[in-house]
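To start, the structure under review is shown below, and the notes come after it.
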Amino acid sequence: MTAVAEMLRTYPKDLGGVDQAKLSACIEACLDCAQTCTACADACLSEDMVAELTKCIRTCTDCSDVCDTTFRVLSRHTGYDANLTRAVLEACVAACKACGDECAQHEMSCVPVLAAQYSRCGFRLRSNG
Amino acid sequence: MTAVAEMLRTYPKDLGGVDQAKLSACIEACLDCAQTCTACADACLSEDMVAELTKCIRTCTDCSDVCDTTFRVLSRHTGYDANLTRAVLEACVAACKACGDECAQHEMSCVPVLAAQYSRCGFRLRSNG
Amino acid sequence: MTAVAEMLRTYPKDLGGVDQAKLSACIEACLDCAQTCTACADACLSEDMVAELTKCIRTCTDCSDVCDTTFRVLSRHTGYDANLTRAVLEACVAACKACGDECAQHEMSCVPVLAAQYSRCGFRLRSNG
Amino acid sequence: MTAVAEMLRTYPKDLGGVDQAKLSACIEACLDCAQTCTACADACLSEDMVAELTKCIRTCTDCSDVCDTTFRVLSRHTGYDANLTRAVLEACVAACKACGDECAQHEMSCVPVLAAQYSRCGFRLRSNG
(Lines give C-alpha, C1' and ligand atoms only; values in the text may rest on other atoms or scores of the structure.)
Protein backbone atom coordinates (compact mmCIF):
# COMPACT_ATOMS: atom_id res chain seq x y z
CA MET A 1 0.00 0.00 0.00
CA THR A 2 1.41 3.40 -0.97
CA ALA A 3 1.68 6.32 1.48
CA VAL A 4 -1.07 8.11 -0.48
CA ALA A 5 -3.41 5.13 -0.01
CA GLU A 6 -2.46 4.75 3.66
CA MET A 7 -3.23 8.40 4.39
CA LEU A 8 -6.63 7.99 2.69
CA ARG A 9 -7.33 4.86 4.79
CA THR A 10 -6.59 6.71 8.06
CA TYR A 11 -8.85 9.73 7.30
CA PRO A 12 -11.00 10.09 10.45
CA LYS A 13 -14.37 10.84 8.84
CA ASP A 14 -16.47 9.21 6.13
CA LEU A 15 -15.06 9.71 2.63
CA GLY A 16 -18.55 9.65 1.10
CA GLY A 17 -18.30 6.56 -1.07
CA VAL A 18 -15.30 7.75 -3.07
CA ASP A 19 -13.36 5.00 -4.88
CA GLN A 20 -10.17 5.09 -2.79
CA ALA A 21 -8.05 3.14 -5.26
CA LYS A 22 -8.97 5.52 -8.11
CA LEU A 23 -8.45 8.60 -5.97
CA SER A 24 -5.03 7.39 -4.77
CA ALA A 25 -3.97 6.66 -8.34
CA CYS A 26 -5.12 10.11 -9.39
CA ILE A 27 -3.18 11.89 -6.61
CA GLU A 28 -0.07 9.85 -7.42
CA ALA A 29 -0.36 10.68 -11.13
CA CYS A 30 -0.54 14.42 -10.32
CA LEU A 31 2.48 14.20 -7.99
CA ASP A 32 4.53 12.32 -10.58
CA CYS A 33 3.47 14.68 -13.36
CA ALA A 34 4.37 17.77 -11.28
CA GLN A 35 7.90 16.42 -10.83
CA THR A 36 8.36 15.12 -14.38
CA CYS A 37 7.25 18.45 -15.88
CA THR A 38 9.61 20.45 -13.65
CA ALA A 39 12.47 18.13 -14.66
CA CYS A 40 11.48 18.31 -18.36
CA ALA A 41 11.36 22.13 -18.40
CA ASP A 42 14.84 22.15 -16.85
CA ALA A 43 16.21 19.52 -19.25
CA CYS A 44 14.90 21.50 -22.25
CA LEU A 45 16.66 24.57 -20.85
CA SER A 46 19.97 22.68 -21.12
CA GLU A 47 19.44 21.51 -24.71
CA ASP A 48 21.58 23.18 -27.39
CA MET A 49 18.37 23.84 -29.31
CA VAL A 50 16.73 25.61 -26.34
CA ALA A 51 15.48 28.42 -28.63
CA GLU A 52 13.21 25.88 -30.37
CA LEU A 53 11.87 24.53 -27.08
CA THR A 54 10.53 27.67 -25.40
CA LYS A 55 6.86 26.74 -25.82
CA CYS A 56 7.63 23.29 -24.44
CA ILE A 57 9.39 24.82 -21.40
CA ARG A 58 6.50 27.16 -20.74
CA THR A 59 3.79 24.52 -21.09
CA CYS A 60 5.70 22.09 -18.85
CA THR A 61 6.14 24.79 -16.19
CA ASP A 62 2.41 25.59 -16.23
CA CYS A 63 1.52 21.89 -16.16
CA SER A 64 3.79 21.33 -13.15
CA ASP A 65 2.09 24.19 -11.25
CA VAL A 66 -1.42 22.98 -12.13
CA CYS A 67 -0.66 19.34 -11.20
CA ASP A 68 0.85 20.56 -7.93
CA THR A 69 -2.30 22.44 -6.95
CA THR A 70 -4.41 19.48 -8.12
CA PHE A 71 -2.67 16.91 -5.91
CA ARG A 72 -3.16 19.28 -2.95
CA VAL A 73 -6.87 19.84 -3.60
CA LEU A 74 -7.44 16.08 -4.12
CA SER A 75 -5.58 15.28 -0.89
CA ARG A 76 -8.10 17.27 1.18
CA HIS A 77 -11.50 15.82 2.09
CA THR A 78 -12.76 18.13 4.86
CA GLY A 79 -15.53 20.44 3.61
CA TYR A 80 -15.49 18.92 0.11
CA ASP A 81 -16.76 21.26 -2.63
CA ALA A 82 -17.71 19.44 -5.84
CA ASN A 83 -17.71 22.55 -8.09
CA LEU A 84 -14.24 23.60 -7.03
CA THR A 85 -12.85 20.08 -7.36
CA ARG A 86 -14.36 19.64 -10.82
CA ALA A 87 -12.97 22.97 -12.07
CA VAL A 88 -9.49 22.10 -10.78
CA LEU A 89 -9.63 18.65 -12.42
CA GLU A 90 -10.66 20.25 -15.72
CA ALA A 91 -7.76 22.70 -15.55
CA CYS A 92 -5.43 19.77 -14.87
CA VAL A 93 -6.74 17.75 -17.83
CA ALA A 94 -6.30 20.87 -20.04
CA ALA A 95 -2.72 21.35 -18.77
CA CYS A 96 -1.79 17.69 -19.35
CA LYS A 97 -3.28 17.79 -22.86
CA ALA A 98 -1.47 21.03 -23.80
CA CYS A 99 1.78 19.64 -22.47
CA GLY A 100 1.38 16.22 -24.10
CA ASP A 101 0.54 17.76 -27.50
CA GLU A 102 3.52 20.12 -27.36
CA CYS A 103 6.08 17.56 -26.16
CA ALA A 104 4.99 15.00 -28.77
CA GLN A 105 6.39 17.31 -31.48
CA HIS A 106 9.94 16.91 -30.23
CA GLU A 107 12.18 13.84 -30.36
CA MET A 108 13.93 13.98 -27.06
CA SER A 109 14.61 11.10 -24.77
CA CYS A 110 12.24 12.34 -22.09
CA VAL A 111 9.20 12.29 -24.39
CA PRO A 112 8.16 8.68 -23.71
CA VAL A 113 8.42 9.21 -19.92
CA LEU A 114 6.37 12.38 -20.18
CA ALA A 115 3.83 10.92 -22.57
CA ALA A 116 3.19 8.09 -20.15
CA GLN A 117 2.70 10.60 -17.31
CA TYR A 118 0.33 12.94 -19.15
CA SER A 119 -1.75 10.15 -20.48
CA ARG A 120 -1.90 8.42 -17.07
CA CYS A 121 -2.67 11.68 -15.31
CA GLY A 122 -5.30 12.83 -17.83
CA PHE A 123 -6.92 9.40 -17.93
CA ARG A 124 -7.08 9.07 -14.18
CA LEU A 125 -8.43 12.57 -13.72
CA ARG A 126 -11.15 12.00 -16.28
CA SER A 127 -12.17 8.62 -14.88
CA ASN A 128 -12.27 10.15 -11.41
CA GLY A 129 -14.11 13.36 -12.26
CA MET B 1 3.34 51.89 -12.05
CA THR B 2 3.35 48.62 -10.08
CA ALA B 3 6.11 46.00 -10.44
CA VAL B 4 3.57 43.70 -12.13
CA ALA B 5 2.80 46.37 -14.75
CA GLU B 6 6.50 47.21 -15.23
CA MET B 7 7.37 43.56 -15.86
CA LEU B 8 4.56 43.38 -18.44
CA ARG B 9 5.87 46.54 -20.12
CA THR B 10 9.41 45.10 -20.44
CA TYR B 11 8.29 41.77 -22.00
CA PRO B 12 10.52 41.43 -25.10
CA LYS B 13 7.95 40.11 -27.59
CA ASP B 14 4.51 41.20 -28.72
CA LEU B 15 1.80 40.58 -26.11
CA GLY B 16 -0.82 40.03 -28.80
CA GLY B 17 -3.16 42.92 -28.07
CA VAL B 18 -3.83 41.97 -24.45
CA ASP B 19 -5.19 44.79 -22.24
CA GLN B 20 -2.13 45.31 -20.02
CA ALA B 21 -3.95 47.28 -17.33
CA LYS B 22 -6.61 44.56 -16.95
CA LEU B 23 -4.04 41.76 -16.98
CA SER B 24 -1.90 43.51 -14.33
CA ALA B 25 -4.94 44.05 -12.12
CA CYS B 26 -5.87 40.41 -12.51
CA ILE B 27 -2.38 39.15 -11.56
CA GLU B 28 -2.32 41.49 -8.55
CA ALA B 29 -5.76 40.29 -7.41
CA CYS B 30 -4.59 36.66 -7.54
CA LEU B 31 -1.41 37.48 -5.60
CA ASP B 32 -3.34 39.36 -2.91
CA CYS B 33 -5.98 36.65 -2.70
CA ALA B 34 -3.35 33.90 -2.34
CA GLN B 35 -1.86 35.73 0.65
CA THR B 36 -5.17 36.76 2.26
CA CYS B 37 -6.53 33.19 2.05
CA THR B 38 -3.38 31.72 3.62
CA ALA B 39 -3.63 34.28 6.44
CA CYS B 40 -7.39 33.65 6.86
CA ALA B 41 -6.98 29.87 7.11
CA ASP B 42 -4.33 30.43 9.79
CA ALA B 43 -6.42 33.00 11.69
CA CYS B 44 -9.41 30.60 11.72
CA LEU B 45 -7.10 27.91 13.12
CA SER B 46 -6.45 30.18 16.13
CA GLU B 47 -10.11 30.96 16.82
CA ASP B 48 -11.65 29.32 19.91
CA MET B 49 -14.46 28.09 17.69
CA VAL B 50 -12.04 26.40 15.24
CA ALA B 51 -14.23 23.27 15.15
CA GLU B 52 -16.96 25.31 13.43
CA LEU B 53 -14.54 26.78 10.89
CA THR B 54 -13.05 23.66 9.33
CA LYS B 55 -14.84 24.05 5.99
CA CYS B 56 -13.72 27.69 5.89
CA ILE B 57 -10.09 26.68 6.58
CA ARG B 58 -10.17 24.04 3.86
CA THR B 59 -11.79 26.29 1.24
CA CYS B 60 -9.35 29.12 1.98
CA THR B 61 -6.39 26.76 1.69
CA ASP B 62 -7.62 25.47 -1.68
CA CYS B 63 -8.34 29.03 -2.87
CA SER B 64 -4.83 30.13 -1.90
CA ASP B 65 -3.29 27.26 -3.89
CA VAL B 66 -5.46 27.92 -6.94
CA CYS B 67 -4.81 31.70 -6.90
CA ASP B 68 -1.09 30.99 -6.56
CA THR B 69 -1.04 28.80 -9.67
CA THR B 70 -3.23 31.35 -11.49
CA PHE B 71 -0.89 34.32 -10.89
CA ARG B 72 1.99 32.18 -12.18
CA VAL B 73 0.17 31.08 -15.35
CA LEU B 74 -1.00 34.68 -16.03
CA SER B 75 2.55 36.00 -15.53
CA ARG B 76 3.85 33.88 -18.43
CA HIS B 77 3.33 34.96 -22.05
CA THR B 78 5.76 32.77 -24.01
CA GLY B 79 3.94 30.01 -25.93
CA TYR B 80 0.51 31.18 -24.75
CA ASP B 81 -2.19 28.49 -24.77
CA ALA B 82 -5.74 29.87 -24.65
CA ASN B 83 -7.41 26.60 -23.59
CA LEU B 84 -5.09 26.10 -20.65
CA THR B 85 -5.38 29.73 -19.53
CA ARG B 86 -9.18 29.66 -19.74
CA ALA B 87 -9.42 26.44 -17.72
CA VAL B 88 -7.13 27.86 -15.01
CA LEU B 89 -9.15 31.11 -14.87
CA GLU B 90 -12.36 29.10 -14.48
CA ALA B 91 -10.87 27.07 -11.64
CA CYS B 92 -9.82 30.33 -9.98
CA VAL B 93 -13.28 31.89 -10.31
CA ALA B 94 -14.79 28.68 -8.82
CA ALA B 95 -12.30 28.77 -5.92
CA CYS B 96 -12.99 32.45 -5.18
CA LYS B 97 -16.74 31.85 -5.29
CA ALA B 98 -16.58 28.80 -2.99
CA CYS B 99 -14.39 30.73 -0.57
CA GLY B 100 -16.49 33.89 -0.64
CA ASP B 101 -19.74 31.96 -0.06
CA GLU B 102 -18.27 30.02 2.87
CA CYS B 103 -16.60 33.00 4.57
CA ALA B 104 -19.74 35.15 4.28
CA GLN B 105 -21.44 32.80 6.75
CA HIS B 106 -19.11 33.79 9.58
CA GLU B 107 -18.84 37.07 11.42
CA MET B 108 -15.15 37.47 11.87
CA SER B 109 -13.15 40.61 11.42
CA CYS B 110 -11.33 39.31 8.38
CA VAL B 111 -14.52 38.76 6.37
CA PRO B 112 -14.71 42.26 4.84
CA VAL B 113 -11.05 42.09 3.77
CA LEU B 114 -11.60 38.68 2.26
CA ALA B 115 -14.89 39.59 0.63
CA ALA B 116 -13.21 42.50 -1.12
CA GLN B 117 -10.43 40.22 -2.35
CA TYR B 118 -12.66 37.45 -3.68
CA SER B 119 -14.97 39.79 -5.40
CA ARG B 120 -12.08 41.79 -6.91
CA CYS B 121 -10.29 38.61 -7.98
CA GLY B 122 -13.40 36.92 -9.39
CA PHE B 123 -14.51 40.07 -11.19
CA ARG B 124 -11.12 40.73 -12.72
CA LEU B 125 -10.69 37.14 -13.80
CA ARG B 126 -14.10 37.12 -15.48
CA SER B 127 -13.58 40.43 -17.23
CA ASN B 128 -10.18 39.23 -18.45
CA GLY B 129 -11.15 35.71 -19.62
CA MET C 1 13.38 2.54 -12.65
CA THR C 2 11.14 5.31 -11.30
CA ALA C 3 10.05 8.32 -13.41
CA VAL C 4 12.27 10.54 -11.22
CA ALA C 5 15.31 8.37 -11.98
CA GLU C 6 14.45 8.17 -15.70
CA MET C 7 14.20 11.95 -15.98
CA LEU C 8 17.61 12.27 -14.29
CA ARG C 9 19.07 9.71 -16.70
CA THR C 10 17.83 11.65 -19.75
CA TYR C 11 19.20 15.06 -18.63
CA PRO C 12 21.13 16.33 -21.70
CA LYS C 13 24.22 17.76 -19.95
CA ASP C 14 26.73 16.45 -17.42
CA LEU C 15 25.29 16.14 -13.90
CA GLY C 16 28.68 16.87 -12.34
CA GLY C 17 29.29 13.58 -10.53
CA VAL C 18 26.11 13.70 -8.46
CA ASP C 19 25.01 10.33 -7.00
CA GLN C 20 21.87 9.82 -9.13
CA ALA C 21 20.37 7.10 -6.91
CA LYS C 22 20.68 9.29 -3.79
CA LEU C 23 19.32 12.37 -5.58
CA SER C 24 16.33 10.42 -6.97
CA ALA C 25 15.56 9.02 -3.51
CA CYS C 26 15.77 12.52 -2.06
CA ILE C 27 13.39 14.03 -4.66
CA GLU C 28 10.94 11.15 -4.13
CA ALA C 29 11.05 11.60 -0.34
CA CYS C 30 10.22 15.32 -0.73
CA LEU C 31 7.34 14.57 -3.11
CA ASP C 32 5.89 11.93 -0.78
CA CYS C 33 6.33 14.17 2.26
CA ALA C 34 4.62 17.11 0.54
CA GLN C 35 1.57 14.95 -0.13
CA THR C 36 1.51 13.17 3.24
CA CYS C 37 1.72 16.47 5.13
CA THR C 38 -1.11 18.02 3.11
CA ALA C 39 -3.24 14.93 3.81
CA CYS C 40 -2.27 14.94 7.52
CA ALA C 41 -3.18 18.62 7.99
CA ASP C 42 -6.57 17.89 6.41
CA ALA C 43 -7.15 14.73 8.47
CA CYS C 44 -6.36 16.65 11.69
CA LEU C 45 -8.89 19.27 10.63
CA SER C 46 -11.58 16.56 10.62
CA GLU C 47 -10.70 15.16 14.06
CA ASP C 48 -13.16 15.90 16.88
CA MET C 49 -10.19 17.16 18.92
CA VAL C 50 -9.13 19.63 16.19
CA ALA C 51 -8.64 22.40 18.80
CA GLU C 52 -5.74 20.38 20.27
CA LEU C 53 -4.16 19.80 16.87
CA THR C 54 -3.72 23.35 15.59
CA LYS C 55 0.06 23.40 15.95
CA CYS C 56 0.21 20.04 14.18
CA ILE C 57 -1.93 21.38 11.30
CA ARG C 58 0.21 24.47 10.96
CA THR C 59 3.53 22.63 11.05
CA CYS C 60 2.31 20.04 8.52
CA THR C 61 1.12 22.80 6.18
CA ASP C 62 4.50 24.56 6.36
CA CYS C 63 6.34 21.26 5.89
CA SER C 64 4.26 20.47 2.81
CA ASP C 65 5.10 23.87 1.27
CA VAL C 66 8.82 23.55 2.06
CA CYS C 67 9.04 19.96 0.71
CA ASP C 68 7.21 21.10 -2.41
CA THR C 69 9.74 23.84 -3.14
CA THR C 70 12.57 21.45 -2.28
CA PHE C 71 11.54 18.78 -4.80
CA ARG C 72 11.34 21.50 -7.46
CA VAL C 73 14.79 22.96 -6.69
CA LEU C 74 16.34 19.46 -6.58
CA SER C 75 14.70 18.56 -9.92
CA ARG C 76 16.57 21.37 -11.71
CA HIS C 77 20.22 20.99 -12.73
CA THR C 78 20.78 23.84 -15.20
CA GLY C 79 22.85 26.66 -13.66
CA TYR C 80 23.25 24.80 -10.34
CA ASP C 81 23.93 27.06 -7.34
CA ALA C 82 25.37 25.21 -4.34
CA ASN C 83 24.58 27.93 -1.77
CA LEU C 84 20.94 28.14 -2.75
CA THR C 85 20.54 24.35 -2.83
CA ARG C 86 22.17 23.94 0.58
CA ALA C 87 19.96 26.63 2.17
CA VAL C 88 16.82 25.01 0.74
CA LEU C 89 17.90 21.56 1.98
CA GLU C 90 18.51 22.98 5.47
CA ALA C 91 15.05 24.58 5.52
CA CYS C 92 13.59 21.23 4.48
CA VAL C 93 15.42 19.31 7.21
CA ALA C 94 14.20 21.92 9.77
CA ALA C 95 10.61 21.58 8.50
CA CYS C 96 10.70 17.77 8.64
CA LYS C 97 12.16 17.86 12.16
CA ALA C 98 9.56 20.38 13.43
CA CYS C 99 6.77 18.32 11.90
CA GLY C 100 8.09 14.98 13.14
CA ASP C 101 8.54 16.30 16.71
CA GLU C 102 5.04 17.77 16.78
CA CYS C 103 3.24 14.79 15.25
CA ALA C 104 5.00 12.32 17.59
CA GLN C 105 3.09 13.85 20.51
CA HIS C 106 -0.25 12.66 19.16
CA GLU C 107 -1.58 9.12 18.91
CA MET C 108 -3.36 9.17 15.62
CA SER C 109 -3.28 6.48 13.00
CA CYS C 110 -1.38 8.60 10.53
CA VAL C 111 1.61 9.10 12.84
CA PRO C 112 3.54 5.98 11.77
CA VAL C 113 3.10 6.86 8.07
CA LEU C 114 4.24 10.41 8.72
CA ALA C 115 7.11 9.39 10.98
CA ALA C 116 8.44 7.14 8.25
CA GLN C 117 8.19 9.99 5.72
CA TYR C 118 9.88 12.66 7.86
CA SER C 119 12.66 10.42 8.90
CA ARG C 120 13.21 9.16 5.34
CA CYS C 121 13.07 12.70 3.95
CA GLY C 122 15.32 14.23 6.64
CA PHE C 123 17.82 11.37 6.37
CA ARG C 124 18.00 11.50 2.62
CA LEU C 125 18.36 15.27 2.56
CA ARG C 126 21.18 15.17 5.09
CA SER C 127 23.04 12.36 3.35
CA ASN C 128 22.69 14.22 0.06
CA GLY C 129 23.63 17.69 1.27
CA MET D 1 -3.42 49.97 5.16
CA THR D 2 -2.61 47.06 2.84
CA ALA D 3 -4.55 43.78 2.87
CA VAL D 4 -1.47 42.05 4.34
CA ALA D 5 -1.41 44.54 7.25
CA GLU D 6 -5.17 44.29 7.75
CA MET D 7 -5.05 40.50 7.96
CA LEU D 8 -2.25 40.77 10.55
CA ARG D 9 -4.31 43.27 12.55
CA THR D 10 -7.34 40.91 12.66
CA TYR D 11 -5.37 37.84 13.84
CA PRO D 12 -7.38 36.57 16.83
CA LYS D 13 -4.51 35.71 19.20
CA ASP D 14 -1.46 37.54 20.51
CA LEU D 15 1.27 37.95 17.88
CA GLY D 16 3.98 37.82 20.54
CA GLY D 17 5.44 41.29 20.18
CA VAL D 18 6.29 40.97 16.49
CA ASP D 19 6.82 44.28 14.64
CA GLN D 20 3.71 44.21 12.44
CA ALA D 21 4.90 46.89 10.01
CA LYS D 22 8.18 45.03 9.38
CA LEU D 23 6.46 41.66 9.03
CA SER D 24 3.89 43.07 6.57
CA ALA D 25 6.64 44.66 4.49
CA CYS D 26 8.51 41.36 4.48
CA ILE D 27 5.46 39.34 3.33
CA GLU D 28 4.73 41.91 0.61
CA ALA D 29 8.34 41.81 -0.59
CA CYS D 30 8.19 38.00 -0.89
CA LEU D 31 4.88 38.16 -2.79
CA ASP D 32 6.20 40.79 -5.21
CA CYS D 33 9.46 38.93 -5.70
CA ALA D 34 7.64 35.63 -6.40
CA GLN D 35 5.68 37.32 -9.19
CA THR D 36 8.56 39.37 -10.62
CA CYS D 37 10.82 36.29 -10.80
CA THR D 38 8.16 34.23 -12.57
CA ALA D 39 7.67 37.07 -15.08
CA CYS D 40 11.45 37.51 -15.51
CA ALA D 41 12.05 33.81 -16.19
CA ASP D 42 9.32 33.94 -18.83
CA ALA D 43 10.61 37.17 -20.40
CA CYS D 44 14.14 35.67 -20.66
CA LEU D 45 12.60 32.64 -22.38
CA SER D 46 11.33 34.99 -25.13
CA GLU D 47 14.64 36.77 -25.68
CA ASP D 48 16.51 35.98 -28.91
CA MET D 49 19.57 35.29 -26.79
CA VAL D 50 17.75 32.75 -24.59
CA ALA D 51 20.69 30.33 -24.81
CA GLU D 52 22.80 32.82 -22.83
CA LEU D 53 20.12 33.29 -20.19
CA THR D 54 19.54 29.73 -19.01
CA LYS D 55 21.20 30.21 -15.62
CA CYS D 56 19.16 33.38 -15.13
CA ILE D 57 15.92 31.52 -15.98
CA ARG D 58 16.73 28.71 -13.58
CA THR D 59 17.74 30.98 -10.69
CA CYS D 60 14.62 33.14 -11.16
CA THR D 61 12.40 30.06 -11.17
CA ASP D 62 13.98 28.78 -7.94
CA CYS D 63 13.74 32.23 -6.36
CA SER D 64 10.05 32.47 -7.25
CA ASP D 65 9.35 29.08 -5.61
CA VAL D 66 11.33 29.95 -2.47
CA CYS D 67 9.69 33.39 -2.10
CA ASP D 68 6.30 31.75 -2.57
CA THR D 69 6.87 29.30 0.27
CA THR D 70 8.34 32.12 2.39
CA PHE D 71 5.29 34.39 2.10
CA ARG D 72 3.10 31.44 3.11
CA VAL D 73 5.19 30.52 6.15
CA LEU D 74 5.38 34.19 7.25
CA SER D 75 1.60 34.57 6.84
CA ARG D 76 0.95 31.88 9.47
CA HIS D 77 1.21 32.63 13.19
CA THR D 78 -0.52 29.67 14.85
CA GLY D 79 2.00 27.30 16.48
CA TYR D 80 4.98 29.47 15.50
CA ASP D 81 8.29 27.59 15.25
CA ALA D 82 11.35 29.87 15.35
CA ASN D 83 13.81 27.31 13.95
CA LEU D 84 11.66 26.54 10.93
CA THR D 85 10.95 30.23 10.24
CA ARG D 86 14.64 31.15 10.50
CA ALA D 87 15.69 28.35 8.12
CA VAL D 88 13.08 29.41 5.57
CA LEU D 89 14.15 33.08 5.81
CA GLU D 90 17.78 32.05 5.26
CA ALA D 91 16.83 30.04 2.19
CA CYS D 92 14.94 33.06 0.88
CA VAL D 93 17.86 35.44 1.45
CA ALA D 94 20.15 32.94 -0.37
CA ALA D 95 17.69 32.69 -3.29
CA CYS D 96 17.36 36.48 -3.60
CA LYS D 97 21.15 36.89 -3.49
CA ALA D 98 21.75 34.19 -6.13
CA CYS D 99 19.10 35.72 -8.36
CA GLY D 100 20.28 39.31 -7.88
CA ASP D 101 23.92 38.37 -8.63
CA GLU D 102 22.97 36.47 -11.78
CA CYS D 103 20.56 39.07 -13.17
CA ALA D 104 23.02 41.93 -12.58
CA GLN D 105 25.25 40.41 -15.28
CA HIS D 106 22.70 41.05 -18.01
CA GLU D 107 21.55 44.34 -19.48
CA MET D 108 17.89 43.79 -19.96
CA SER D 109 15.13 46.22 -19.18
CA CYS D 110 13.75 44.15 -16.34
CA VAL D 111 17.01 44.25 -14.34
CA PRO D 112 16.28 47.48 -12.43
CA VAL D 113 12.81 46.22 -11.43
CA LEU D 114 14.26 42.93 -10.30
CA ALA D 115 17.23 44.48 -8.53
CA ALA D 116 14.86 46.63 -6.49
CA GLN D 117 12.80 43.57 -5.58
CA TYR D 118 15.70 41.35 -4.53
CA SER D 119 17.34 44.01 -2.52
CA ARG D 120 14.06 45.00 -0.84
CA CYS D 121 13.18 41.36 -0.16
CA GLY D 122 16.64 40.39 1.12
CA PHE D 123 16.91 43.51 3.25
CA ARG D 124 13.49 43.07 4.80
CA LEU D 125 14.06 39.40 5.49
CA ARG D 126 17.38 40.10 7.19
CA SER D 127 16.04 42.94 9.27
CA ASN D 128 13.12 40.76 10.31
CA GLY D 129 15.05 37.52 11.09
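Chains here go by letter, A, B, C and D, matching the order in which they are written, and residues are numbered from 1 within each.
The rule is short, and it goes like this: a contact is a pair of C-beta atoms (placed from the backbone, for glycine too) under 8 Å apart; a residue touches a chain by one contact, two chains touch by 3 or more.
Just so you know, these numbers come straight off a predicted model, no measurement behind them.
Just to note, of B-D and B-C, the chains joined by more C-beta pairs in contact are B-D.
Taking each chain's centre as the mean of its C-alpha atoms, the one that lies farthest from the centre of chain D is A.
Note on chain placement: the centre of chain B and the centre of chain C lie 27 Å apart, centres being C-alpha means. The distance from the centre of chain B to the centre of chain D, with each centre set as the mean of the Cα atoms, comes to 18 Å. Listed for chain C are residues 42, 45-46, 48, 54, 57-58, 61, 68, 72, 76, 78, each touching two or more other chains.
Within the complex formed with chain C, the residues of chain D that make contact are 54-59, 61-62, 65-66, 68-69, 72-73, 76, 78-79, 81, 83-84, 86-88, 90-91, 93-95, 97-98, 102.
Those residues of chain D lying in contact with chain A across their complex are 42, 45-46, 48, 50-51, 54, 57-58, 61. Residues 3-4, 6-8, 10-13, 27, 31-32, 34-36, 38-40, 42-43, 45-48, 64, 68, 71-72, 75-78, 108-110, 113, 116-117 of chain C are the ones touching chain A in the complex.
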